[in-house]
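Two complexes are shown next, each including chain A; its partner changes from chain B in the first to chain C in the second.
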Partner chain A sequence: MSAARRNPLNSAAAHAALLAYVAIALFPVFVIVINSFKDRRSIFREPLALPDAESFSLIGYQTVLKQGDFFLYFQNSFIVTVASLFFILLFGAMAAFALAEYRFRGNMLMGLYLALGIMIPIRIGTVAILEMMVATNLVNTLWALILVYTAQGLPLAVFILSEFMRQVSDDLKNAGRIDGLSEYTIFLRLVLPLVRPALATVAVFNMIPIWNDLWFPLILAPAEETKTLTLGSQVFIGQFVTDWNAVLSALSMAILPVMGLYVIFSRQLIRGITSGAVK
Partner chain B sequence: MSERRPIRWHVVVFLAPAVLVYTAIMIVPLFNTLRLALYTEVDQARVFVGLANFRTLFGDPRWSASFWNALGNNFWFFFIHMLVQNPLGIALAAILSNPRLRFAHLYRSAIFVPTILSFVIVGFAWKLILSPIWGIAPGMLDTLGLASWFRPWLGMEGSALTTLALISVWQFVGIPMMLIYAALLSIPDEILEAGECDGITGMAAFWKIKLPLILPSIGIISILTFVGNFNAFDLIYSAQGALAGPNFATDILGTFMYRTFFGFQLQLGDPHMGSAIATAMFAIILIGVCIYLFGIQTRLRRYQF
Partner chain C sequence: MSGVQLQNITKTYGNVQVIHGIDLSISDGEFCVFVGPSGCGKSTLMRMVAGLEKTTGGSINIGGREVTRLDPSQRGVAMVFQTYALYPHMTVAENMGFGLKMNGMPKAEVAEKVNEAARILQLEPLLDRKPKALSGGQRQRVAIGRTIVRGPEVFLFDEPLSNLDAELRVDMRVEIAKLHKQIGATMIYVTHDQVEAMTLADKIVVLRAGRVEQVGAPMDLYNDPDNRFVAGFIGSPAMNFLKGQVEDGGLAISALDSAPATDLRLPADGTGVEFGLRPEHMRVDPAGRGFRLDLVEKLGGVSYAYLEARTGERLVVAESGESDLVDDMEVGLSFDPAQAFLFDAQTGKRIR
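And now, the complex of A and B:
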């Protein structure tokens, strides 16, 4: 880095390398989105040109909105993601508080038990999860997905949150106890607000994998009324393979909400990853 | 702690929901899947058959050919990630960590964009771009004067898996980049300045000072890549379907398990054989994690700053 400090050539090379990679990273998204606004002829004739007055067309979006129930899919994805995040944060914070705050027999073991799931993917148990959901009549309900994602997210959430909760000052909690607050009030009123940044980190970490997951919606909730946006676009695109306008528009519609969320939360996400929470 | 105290119910209340959900949805099904691998279905009744499913999986030539094919492909998939994704992530992080670099946060955010996209988007977008029908890839090669280099890479047995692995690298390079970036930022300036006094600057500083200090992070990235790759499914399914074509050239353990237990065109689903494959995946991931925990992590020297 000190060489770059002295040498402007080096810093130009750094910018060139980064720009080149950014172009590679963004190029596919760019091509998909611009072509979704063009008519069929222009998609094939000039795939890299921006849509102009002559080639502009929304025919793809019209097909998508007519044929696929994208608002329902979006709503399903939204419900599943928000509900799973709520349970991960609530249950995770409660368990993390118990592990960080109280000394009881088996504390270490309980922490290790909960941490097992960080390394072992929940997908290994899919066969038995499906059988269990069939037995409890939860197949093709959003609850099946919410439960699975909650279980999947809890280990890392407990691990990260208990690290943060150990840093909350004991004096503060003891002051609360002397004032006669119950343990529940101390958790809700004193500790939770202080670990809000950690809660946000856990939420952002879990949000993207849940929203983007294809495996569990495909296996546990493939019915039309419970399709998530990811599964819905997969099925839609599979059916409309030859309708390029529709495929490109469906892809753009799947990209836009995630990009929107990313623009809002990218600082939080990057700060969360770089804060060393996963070391 | 020695005297008997009454049960503190609030501790139970705090722990119960997480432990119950985690145990019921994750741990019990995991062990149930391992157990189901020892059963089979005869006349719609479940019969205990011991290790017969594993004997079929490794002994029956048709099954074992598919299994070793998927396992080999999976290792190649992992190999490409280790060879391309992680060095590329380290290189990008090293460039980004220069404190004088302007617009670093913009570059960082842009390079991370593919990571937030779903496999469905990534799979189809690349399929369209590499498609010989649309002609974006051939057109771009043409402008470089390399039109004759174009091949339908995703459609050829020899190159489909490598192409998909590179697409996956494109998608996930942001993660090693971020983790290494964080590790590089946590190296104290004093150490680098001490190196400068001894005449170690630029590339030498990277190889001799920074790289040894970020080895633990590289270890974590390697094991994350390993677990992620041996559990992968979505990208292959989105781009090539459950049959992992052409001619199973892109079949990995995830797609093999899905086809086996869920069934596909010509074959009925078999949850017990699916469980046997899941057990094999579990064993592979467990071996990888143990090698990391006991063989690598304990040997890496960690420095406290």
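And now, the complex of A and C:
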């Protein structure tokens, strides 16, 4: 570490800036969580006050849990998010490996074509997607969402992962080939473990938008048994009356699973394991 | 029998031909070193033997089998890479056994082979470590261990020592030589360091620009080089060359006062020649004239004197023992003309 980095003044300044950022970023979350534990009157009278003995109330959580399907919504969101991430990582990594590893005609063009998806929002094609889903009888199934989210996540995944895979030493892959490993084994057992930080990055990038998405669940899978959490929470928001206790409680609970996933992935992010591979 | 035969091997990338029809025969148990300046195609040639580069033309035989179009794993070769290419997420033992395990060998047998290799290379205390917890020399040994467990017909080494520091390089050189004695397998070794080539090889292949310049035992190349390139490449410090030409049936070397006597069959008058003298075959003559002593490097056992001739040509003379020469003296040069080499200045061919 350099001398400048160790300077306590610089260090303090850096920490102050980071803490300020954390405070700003966490403030809305904080407000949601504290208000979810208050009764309706207190929410509006003193939105920033912590719940005390007088204002404390679990009415929001009770409403949400009484709304029997809430666990189903949770489950749906979880299945859709995890399955989409799995397919994004699997197919993204496979395409990236092919682009990074094999020289074939049109390699560059294929890479560009796949990267184009980053620039074109998938929602532009909503009508066509809906027509396709109707034609294939996938409307109101979780598969509809999983397929769309996989398509939405793949371009960025291929782009990021192919860059990382190019950095995996050729000698390493050739050593595998001489050891008699198949290309699949090289991909699964040598290259994937080495790009694990990149896989985690892609997973984190894709996870939050999928979990929070309202658009596609509303259009492709609005049926009661396929509602996701975000869509399910909308029942508490009416045109004229909004049950704020319930909304805030639902949102507070929705944070938990995605935070758990993030913790799992971010551990991989931090772990740099390529050191010692070569030289 | 596990010799290697190359027949008229060629390699082209697009329109560029990098290997020009190489014929080579390496016999069973031989230690063969490919040596040459960078970009001469020595690594490409080895990778073609390994099967990592496609062979454009010609055929490769290993142990009497034609392997030109086979996958690397089917050729019975194992390779040590310059960067070691250890699998960073596996322990030393896993690194060595991974190939065997993935090819369906029973666990007990893999463990046995790994332990045997670890014993040969003294890696036993390190078997549970990850590569990043090893020193350069240890990583190198693991990479060699990974090749030993496969029991290949031919070992390939691609500049294995160039990432090590000087001291370790000498140690590993000795270890590789010992290993060859112990295992007795055919080995092909690529290096740009002629010292490694001279010390390790049974047979040296000197390459330049995708062509074989000369093949032979180290001392044959040193004592009897075919051309100026090999003469200049083998030997350290490199051979000195003085320009001259054939005049009146004798030699005229402009840097030398008197024409060196020679009993070679000289080409026609007026042919440009280069007169080659090894630094260790010359003596500085403090009483003589004709050369300015630029610098003396005293290494203890040997001293290198850097001379500049009147023609501006520079020479290195290796004097054994301590030297009492001082910089900027005017000195002469003495040598035995029988130890000199003569080359055609145009073609670089040796004049014998």
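A few remarks follow.
Everything that follows uses one rule, which is that the second predicted complex is superposed on the first by the 204 of 279 C-alpha atoms of A that agree within 3 Å, B and C clash if a C-alpha of one lies under 4 Å from a C-alpha of the other, contacts with A are read in each partner's own complex, and residues count from 1 in each chain.
FYI, contacts are C-beta pairs under 8 Å (C-beta built on N, C-alpha and C of every residue); 3 or more make two chains touch, one makes a residue touch a chain.
None of the values given here were measured: they were computed from a predicted structure.
Once the two complexes are laid over each other on the shared chain, residue contacts for A:G106 go to neither chain B nor chain C. Contact with chain B, but none with chain C, is seen for A:V247 once the two complexes are overlaid on the shared chain.
By the touch criterion defined above, A:D179 reaches chain C but does not reach chain B.
In the superposition on chain A, chain A positions 273-276, 278-279 are in contact with chain B in one complex as well as with chain C in the other. Those residues of chain A whose C-beta lies close enough to touch chain C in the complex are 169, 171-172, 174-181, 185, 189-190, 193-194, 273-279. Against chain A, in their complex, chain B makes its touches with residues 1, 8, 10-11, 13-15, 17-19, 21-22, 24-30, 32-33, 36, 92, 95-101, 103, 105, 107-122, 124-126, 128-129, 134-136, 139, 170, 175, 178-179, 181-182, 185-186, 192, 196, 201-203, 205, 217, 220, 223, 227, 231, 233-234, 237-238, 254, 257-258, 261-262, 271, 274-275, 278, 281-282, 285-286, 289. Of all residues in chain C, those touching chain A in their complex are 50-52, 71-73, 77-79, 81-89, 98-99, 102-103, 130-134, 136, 139, 146, 150, 163. By the touch criterion given at the top, residues 1-5, 10-11, 14-15, 17-18, 21-22, 24-26, 28-29, 31-32, 43-44, 47-48, 87, 90-92, 94-95, 97-99, 102-105, 110, 114, 116-117, 119-132, 147-148, 150-152, 154-155, 158, 182-184, 187, 208, 211-215, 218-219, 230, 233-234, 237, 244, 247-248, 251, 254-255, 258-259, 261-262, 266, 269-270, 273-276, 278-279 of chain A touch chain B in their complex.
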